[in-house]
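Consider the two complexes below, in which chain A is the common component and chain B and chain C are the respective partners.
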Partner chain A sequence: MALAAGAMLGLTAFLPAAEAADSSLLFLAEDVPSGLDPDGPSIAIPTTQLGMVQLLEPLIAYADKASPNEDGVKMPDFSKPVGRLLESWSYDPGTLTWTLKLRHGVKSCAGNEFTADDLLYTYARALNVGGAVPNAWFLLNMASVKGFSTDVFSSDPEVAKKAKTLGDGVRKVDDYTVEVTQTEPNPLFLVNIAVTISQGVFDSKAMKEHATADDPWSYNYANNVNLPSFGPYCLESWTKNSEIRFKANPNYYRGKAPIEHVIIKKVPQGGNRISILRSGQAQLIQGMTPNQYDSIRKMPGLSVSGVYGNEGLFVVMNFKNPPFDNIKLRQAIAYAMPYDRVIQVGYGGQAKKWESVVPSTYPGFVAHEPPYTYDPEKAKQLLAEAGYPGGKGLEKYADQFKLTYVSEKETTLGPVVNQIRSALAAVGLPVTLDPIPQAQYGDRQIVKKDLAFAINDQEKPIGVDTGYAMQLFFVSKAAGGINNMVNYDNPKLDAMWAKARVEPDTAKRDEILAQMQNILMRDVVWLPVVEFKTQWAHSDKLKGFTWNPGNSLLLYDLHY
Partner chain B sequence: MTQVPPLSAAVPARRRSRRPAIPWLLGFAVVFAGGAIFMAAFGGYVVPFDPTDSAFMPSMPPPALSEVPGLLWSLVTGSQTEPIHWFGTDSSGFDVFSRVLCAPRIDLSIALASNAFALLIGIPFGLIAGSFRNPLTELMMRVSDVLQSFPVFISAMILVALGGQSIINVILALSLLYAPIYVRLTRTEVLTQKSKGMVEASRAIGQSELNIAIKHILPNSMGPALVQSSVTIGFAILLTAGLSFVGAGVRPPTPEWGLMIATGANDIVLGQWWTSVFPGIAISLTVFSFAVIGDALERRYNR
Partner chain C sequence: MLTRFLLRRILTSAVQMFALTLAVFFLVRLLPADPVSRLVGMNASPEAYAQAQRSLGLDQPVFTQLLNYLGLGSKSGLLQGDLGVSWLTNTPVVQEIGMSLPITLELLTYSFLVTLIVAVPIGVMSAANPGKLVDKAVFIYGLFGGSQPEFWWGLLFVLIFFSTLGVAPAPLGMIDPLMLPPPRVTGFYTLDALIAGDFAAFADILHHLMLPVLTMVFVLSGPVIKMVRQSMIQAHASDFVLYGTAIGLRRGTLTNYALRAAIAPTLTLVGILYGVMLGGAVLVENVFALGGIGQYAVRSVLAFDYPSIQGIVLVITAISLLIYLALDILYALIDPRVVYS
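Let's look at the complex of A and B:
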């Protein structure tokens, strides 16, 4: 409480009374952006993405569904892409070429007009792969855009240099027309250019003004100073590890944002965020536990808006770590999983059982049949078939059964992992808990890929496509699976994806993707447990909540 | 107005400065600390719930005070067959009462073990440093001073981080940090004892310095360190809880007071006070009890 009081005093000092008006918003989050460059080192951090999406403008987005969900949150209709920086687009299957017609009259925060040069600069920068993470390149490579090959990483400097030159895959036709050619008929192009945090377009003039001889693509400037783009907000000030301030872009082509000033302030302790929200000084908070959201729902003057978007919790079991290479054992764990308890105790009922490895809101999702249910007897039977009756023989794998999770999420994941540990122990699995810091977890998941047994609630495909998820998480490393954290290597699955990714017939493609989901569920490649609500707590005067696949709240949609 | 009587010149100065003894407080402290030690040994066998097994009732509040007599009576009469969550449940559905009672196994074990190790390190080094004055023992004392000059909590965090998060490493870290206290206390007492006649007499009859140190000086120099140890046990409990509170101590779901407070702290603002308050009270009373016992021992030693 002392901390809360201290935090409130601090906020009182920094937030003038006049700012508590309808034109301002104080948003409290677990952190503020560590960087702003989409190819920067902190791209995977949600609070970093929260900052980026306010500044960047995508080429396309999705239209809202006709009616909001039960919490009043507007949901996107993934079958209806709408132009943002694009006025229109067309595709010629004969030449595998997309013709992109750019919107006229769009101005950046700096007042520069959006033209084809900005898009070409953005693509050329992606191809340069000079940032900490080749995020923008990866999505264009995944979409089979000509020229975006792995040659950019060649150890031969000449090959790499040549590959980094934007060739005829992306061509400027005139100031408002760009043509993009693919190497194969890959439908992911349209999906991927909707991903704001990867494919948002830079204000090339502003970027070039801050280029240096050492940093010709302004990575340092974009990551540490400002991210010049055509989005609804402009950066007003930014103190890393403390706060970031946005001011509505006066030139924004869809009209100036209803809320002129937004401050995102770091308040690490969830209890303190609630205290400040209750005091009325803040209007919006995020990153609370389900239990806390549940309590806030009952507080006068406050609301919780939530949506089943694309967030889910799953169990990681690494195929490189015996005994998790045993499919029967994996299935036994799937049947020993206490799904209902996780939903009720871990998420206070704000979750539902997850029946596949892709979000159920995504096109192409297919629920596994028959579903894995909590069935301890069947789990014991499978465990015996796996060669470990009653768990005998697993003692030597005690180290592998350390259930790893992010220690910073103890308040959220603690109740979940405790339910799982108890249930698995009941069938003879020697599970212990192993909370480790977020940074260590991320390194082991993404770089080393050596997490033997872990809980993950942060990975999700932000490209709205089942194939996107397959490419990202499940195909083998040799086939380009960049985030295959369980080291699953199934040549049959790789072959199916190779076929699906170039299949022009949507029905046939969906059929292959459905078969792939069934294989993944049969082998329990991920053990999907629950899909949980993405939630925000806020003043009940704040309206306009709209979910997008990036999961970062777009402040432009909010109003009083 | 009552006039304060002048201090009697007959009262020795040392006794004048001392607080009066409170027998009932000492009795309470002995009983409470004894109870904590008992729970450390047998807590797991007497608690109503498995402290690491989740009930399907997260964040359940404890029964209201007005309900407690009725519940107790129903237990006596046998009409209540199910165990009661006397202190409620936490966000994982763990029984707070059972966890509070089982926590001494970790907290006290760490505190007692680290204190024992610290004594084992500190007393011999203190004896050597006091008995033999040479550059090596001076260096030993400077190292000891350096160790003491760092903030204990920060040092403990660093040591646990370097060694890895485990109970053994917490014990080793605390031992290392508390040993210099005993080194200095023992050395000071050794220097005092060295000037006493019995030492001179031992030398006169030809006993070696080592023999004198072990046979005559050591037994008479251990008192301050042993008195200090009860206070150090209290500090070690606090430090263990503090390390767990910041995530550097024992791992969940181990029942440990600091970890329980940390888990519940975020929910206090929602009115869910019981997950933090009960372990907080347990820590306070345990540390207080050891402090009172230490005070009594000191009084006895100085008599």
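Let's look at the complex of A and C:
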């Protein structure tokens, strides 16, 4: 009875969607942020990043390209970095020093003015490496910023303590000028400071107000309460595992956001997200499968906006697991791959063939020539040249041919792996399927590096640079490589990276990186299959979609 | 007698809980996965990985981890009532369970109340008229309703009552996102709304609970009706009812006597189902985005969040043990033949 009464009253209590239309946005996602700290334990989770980028302000970003893509989404021009919290910057190659001129008149949600102290606090906090994951330190270390060495992790407490003190690598010149010195020429500094989720700047006054004796860097506050910064939105309320609410920052230096209130609400069921979007109560959803986006495209009043950004699907073949140490066999698999079937069946046409090991939108991308195409006859010929005519002799490697993928992604990857299995079986490759949980997949990929044969659709270099991708994925560990999941070890490639890493001339650096891509594609170090669209479904009244390499939608750009 | 019975049960429960604590602690660590890799993602160096491992305490030997967890090797642990901090959110597990558990308890309590209100009369009617219309309808419902999983019914109800008829709210949790939830006092949304005197929120919360409760009732009613029916048929065939019939007692009076005898097994079933559904309601919580303990458990398992998994298992076990204890006490109240021994 009470429930029935509630139902009647609830109907009248519900706010009509139209009433909130111009000033608010209900955004349904698979989850809401589990934390907000850039060095927090949930930093690798996309829905956590989605929350962070609304609050954090980066030092630089990229100008939009002159015209949007075919879906009307604005794209960044990575050759044109523009200042956000920085008004300007300059570099002195003689002293390896960047002079950062900070923007005047920027105020945080708390009303505090942005100064050099905020930037120094942000760098000092990164150097403290006291969070669960030293994410902010990592990008500065990778950019060769002086003082950001691995000594901070030393088991000798004295060494670690000394290393955690911000030395002369980062200096305050005045309230609006900071100098940053590198230990070697490294173009990644400018690239990495554009990564908002790692290098966004804290409102140091607000952070210090919430520091405690046990937690002087306010990790608990940023993980559980708020992320004070100078971004376009302020946190209004946040219930983990349920919803997060933002209110436009009235002090935002680029002007107040067109949409005043935003609620990101967790709705785990994709089907329900679609139903609520169709009803008009929500205006934006994400995290759907390609087929679901395809069905939404046909619904009246709704649109799907997508972009070929930096998401791609590739095949992992581990050099430490025979027969994948055989280049001819790797090439045979590349020619047996049913690229078009994957695009059509797996992604409903919202994907395109991937022609290199870095995203095609990144500077320095070079398409491999001649491209690998679906050519079963050539695949058979290469298989024979590899010593396995018709697949004979591969029976003993049945365990290695288990195509591993993340079981939680069955809905998306299931159709893809089935297409691949059929096509490879047709040329004599004994492929079976091996879905495993995400945490197990991550462990085997990152730590054990023992995935013999796998499909991956979730790795992307967050630094927008081909060199960053090289160091992250392909250079050997001995040469400074970080996550070489296929155990590729090529001294020639390592030597080329050693040269490119400190090459100050962009044209020369790009040339070396192009050669490296050719080697990687020749050896099929990764087998890039498709680049697929990052997509959002929304009310057709909602405009202003802009893609950024973090793949988290910036709500500031949206308007009705 | 009752005190001794309770003391013995509490002692047994404590031993059970301790054994379970050890079992869960070691079992989660046997899982073939590494929680650290999920934490750091691919854009991280070996140093970052090692730092993350240290921050979770996973660089310590397992026995040291156990002592720390129990609170014997650290300032605070299980013995001090501290379930640890979630590796995913960095929030104390006690706090997270405190947020999610009341939602599940609220859903289950309303669902079981409505189930009893609906199922007991139907079961009684069905038993009183075997083979007649109500009995046949119960049989068909048992076959049809009980054989489908609850998430399927949930999605179907969303399609019918929200998408098509528009009489139910969107499956957006306990309260409309455009309304502010009542200030948190008990964690039970309906109670908190009443405490705050916010009747608009109270009505909206009931409205949002309508479909999840309907889904649960639809699934739970099947076994409860069957149990009531079966127990009532047995009670009707018992000597005391035959005697009552022979001396000419009215049918209503006889039904009351029979129901008293039949309600004990029904309550046992409801108690067991309540314990099972603490974790089992996850599918309904998921469909309606309620954020209960089941959803929290699934999220924790997928993230290999050891402190959360351990905390959830302990809390659910403790509640289940409490329910069984309460059932035993209720039994004695209902049935004077039961004695504590």
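Here is the rule we use: the second predicted complex is superposed on the first by the 540 of 560 C-alpha atoms of A that agree within 3 Å, B and C clash if a C-alpha of one lies under 4 Å from a C-alpha of the other, contacts with A are read in each partner's own complex, and residues count from 1 in each chain.
Here is the rule we go by: a residue touches a chain if its C-beta (ideal position, glycine included) is under 8 Å from a C-beta of that chain, and two chains touch if they have at least 3 such contacts.
Small disclaimer: the values here were computed from a predicted structure and weren't measured.
J.: Using the overlay on chain A, decide if chain B and chain C clash or can fit next to each other.
T.: The answer is fit.
J.: With both complexes overlaid on chain A, does A:269 touch chain B (first), chain C (second), both or neither?
T.: The answer is both, since A:269 touches chain B and chain C.
J.: For the combined three-chain view, what is the angle at the C-alpha centre of chain A formed with the C-alpha centres of chain B and chain C, to the nearest 10°?
T.: Superposed on A, the angle at chain A reads 40 degrees.
J.: Please name the chain, chain B or chain C, that touches the greater number of residues in chain A.
T.: Of chain B and chain C, more residues of chain A lie in contact with C.
J.: Please state the minimum Cα-Cα separation between chain B and chain C in the superposed model, rounded to the nearest whole Å.
T.: The answer is 6 Å, the least C-alpha separation in the overlay.
J.: In the superposed view, which residues of chain A touch chain B and also chain C?
T.: Residues 4, 269, 271-272, 275, which sit in both footprints.
J.: Which of the residues in chain C end up touching chain A in this complex?
T.: Touch residues, chain C against chain A: 31-52, 55-56, 86-91, 96, 99-100, 110, 114, 155, 158-159, 162-163, 166-173, 176-179, 199-200, 202-210, 213, 286-287, 289, 291, 295-296, 299, 302-304.
J.: Under the touch definition given earlier, write down the residues of chain A that touch chain C in their complex.
T.: 2-11, 13-15, 20, 24, 26, 28, 31, 34-35, 37, 40-44, 129, 131-135, 137-138, 141-142, 150, 153, 219-220, 223-224, 239-243, 263, 265-269, 271-272, 275-276, 278-279, 281-282, 408, 437-440, 442-443, 445-447, 458-459, 461-463, 472, 482-483
J.: Over in the complex, which chain A residues touch chain B? Could you list them?
T.: Contact set of chain A toward chain B: 1, 4, 269-272, 274-275, 289, 291-292, 295, 341, 344-345, 348, 407, 410-411, 414-415, 417-419, 421-422, 433-435.
J.: Within the complex, which stretch of chain B touches chain A?
T.: 52-54, 56, 58-59, 91-94, 247, 251-253, 262-263, 265-271
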